[in-house]
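Take a look at the structures listed below.
In the two complexes below, subunit A is the common chain; its partner is subunit B in one and subunit C in the other.
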Partner chain A sequence: MATSSYKRLGDQAFSKVEHINSELFMLTYGALVAQVVKDSEDAAEANRQLDQMGYNIGVRLVDEFLARSGIGKISTFRETAEIIAKVGFKMFLNVIATVGNWSGDKEYSLLFDENPLAEFVELPRDDATKALFYSNLLCGVLRGALESVSAPFHVYFFYTLLLLIRFYFIYLFICFIYSLRCSSLLV
Partner chain B sequence: MSNGYLFVMVGADDVPLYEYGVLTQRSEESSYSYHFKIHAALDAVDECMWRKTNMFLPNVDVCSNALVSAFVTAGSVRLMLLHEFRNDDGIKHFFTDVYELFIKIQLNPFHEPNSPIKSQHFDARVKGLARKYLKP
Partner chain C sequence: MIYNLYVFDRAGTCLYYADWHRRNKSENLEGEFKLVYGMLFLLKRFLTATSPSQDGDGSFDHFLTDTYRLHYFESATGVKFCLLSHPSVPDLRDHLLGIYQAMVDTVVKNPLYKLGDPIECSLFKERVDQLISSHPRFAQ
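Let's look at the complex of A and B:
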């Protein structure tokens, strides 16, 4: 299926779901991350907790995603990437990603132009947050969702560029999705 | 009339959150006389802010030859400016723009309310605004 038809599917799915205020969502997520950071000893543990939370969300989210988006049977790994990027993220976060860094049939990156979760966020430069992946919850969501429908994936932030030009938040993060074994999304 | 000024943001519990000043050469007064005057003006601002409904309080206090203007936010954060020149419009614009920057700082989940503002970006923006608006 062409990318444009996935985009159209994404738009349709987005229009079918309930919308909430994005600022409210961002503030809620921000409060969550701030609390997790306070409760954790270091950034690695905070990352892990966010990932675990995302995982719990993902295993439940995938059913709703499949039901609302009307995706049929997918046969190639490439298509799963496109669907996640165009339909999945559009439906829940109203952003789309581009699939890049495609390497073999095992790993690829999702590139975002803007981070829907981190509009007003500026990470303080202390030890607790230096190595923090602010949006690690998203990785967990992907991991959980993909694990429920097929083989386990490794999802992690490869690189996040949190430029301190605060109000021109070019928050570009590259998420590496690395499959343990080559598998396809069977519905 | 000199062009010196001192801008201080005071939190709800009277803790200073941010300050920036341009001091002119004064031989007889110490460099902290500006801070002292603003501190003394806090009482006047507190009194004034409950009487008036608008956020901007121009020329709320006078200390020797300097005026203090204030801008009170909904959360009782006071933006105080000690100045020796008169420029109500410029000061008002300055306050409103700094207020918007301050709102964005507040939206940062890692910022504790009423804690000092250490963001360098905020600092740079405020300095730019001060250069732009705070002249007679």
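Let's look at the complex of A and C:
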């Protein structure tokens, strides 16, 4: 299926769901992250918590996504990438990602122009937040959603000037976890 | 005539069962759920194995017997919906999708519901009953 038809599907799906105020959503998410950081001992723990929360959301979100968008069984991994980028993110967060940086057929990146969760956010450069992945909930959501549909995935944040989410498709082996520092410009 | 509905999850647990016009009620429902799920599982494997083309994934739309037609829908997450109806009732796929949507709205989004548990939500039951009884061939 062509990318343009996925875009159209994404727009259709977006028009079918209930909308809420995006600023309210961002502020609520910010409050959530602030609380998680306060409750955690260090940034790694906070990242883990956010990922776990995202995972719990993802396993339920995927059913809503499939029911509303009407997407059936997907045959290839490449197609799932396109569907997540164009339909999934459009439907729930009203942003579109680009799929890129394919490494073999098992690993790819999602690139965003703007972070839908972090428009008003600035992270202080102290120990608690230096290694924090602010939007790690998104990784958890993707991980949970994909796990419900097929084999387990490894999803993590990889920063450059744009926002990237990198996927690893794992069969039976565990991939290394890369921890990356994030500067106060990138959240 | 629409006889009954089974909803199974990925692991084979029967999440929901409802019947409307079933004449011979089964005494051992638990055994029956295992039987139906086992049949669906084996049928899908059989269909993949005997498919003449490479990309068969064992999905089917419905099957027809002398006394009923079983309409089937499986979501990508492995949730299976089966509706049994009189053989003359044509496609019920829209209703199966409607039941899936009802499940998403009332069950999956319920934070107190643990995934994999049998569905006990009265709102879901109402929506399913409403959806099925609105079919023109519901009672005859």
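Simple rule for what comes next: the second predicted complex is superposed on the first by the 159 of 187 C-alpha atoms of A that agree within 3 Å, B and C clash if a C-alpha of one lies under 4 Å from a C-alpha of the other, contacts with A are read in each partner's own complex, and residues count from 1 in each chain.
What we mean here is this: contacts are C-beta pairs under 8 Å (C-beta built on N, C-alpha and C of every residue); 3 or more make two chains touch, one makes a residue touch a chain.
Owing to the predicted nature of the structure, the values given are computational and were not obtained by experimental measurement.
K.L.:
For A:D63, is the partner it touches subunit B (first), subunit C (second), both, or none of the two (neither)?
P.N.:
second
K.L.:
Is A:K73 contacted by the first partner subunit B, the second partner subunit C, both or neither?
P.N.:
It touches subunit C, and subunit B stays clear.
K.L.:
Given the touch rule stated above, what does A:V17 touch, subunit B (first), subunit C (second), both, or neither?
P.N.:
A:V17 contacts neither subunit B nor subunit C.
K.L.:
Could you look at A:P124 and tell me whether it touches subunit B, subunit C, both or neither (first, second, both, neither)?
P.N.:
After superposing on A, A:P124 lies in contact with subunit B but is clear of subunit C.
K.L.:
Quick check on the superposed pair: does A:V95 touch subunit B, subunit C, both, or neither? Answer first, second, both or neither.
P.N.:
Neither partner.
K.L.:
With both complexes overlaid on chain A, does A:L111 touch subunit B (first), subunit C (second), both or neither?
P.N.:
Neither subunit B nor subunit C is touched by A:L111.
K.L.:
Could you say whether A:L27 touches subunit B, subunit C, both of them, or neither, answering first, second, both or neither?
P.N.:
A:L27: touches subunit B, not subunit C.
K.L.:
Given the complex with subunit B, which residues does subunit A contribute to the contact?
P.N.:
23, 27, 29-31, 33-34, 37, 119-124, 129, 164-167
K.L.:
Spell out the residues on subunit C that touch subunit A in their complex, using ranges where they run on.
P.N.:
10, 55, 57, 59, 75-79, 97, 100-101, 103-104, 108-109, 115
K.L.:
For subunit A, which residues are in contact with subunit C within the complex?
P.N.:
59-60, 62-64, 66-68, 70-75, 148-149
K.L.:
Show me the residue ranges of subunit B that touch subunit A in the complex, using the header's touch definition.
P.N.:
Residues in contact with subunit A: 104, 107-111, 118-122.
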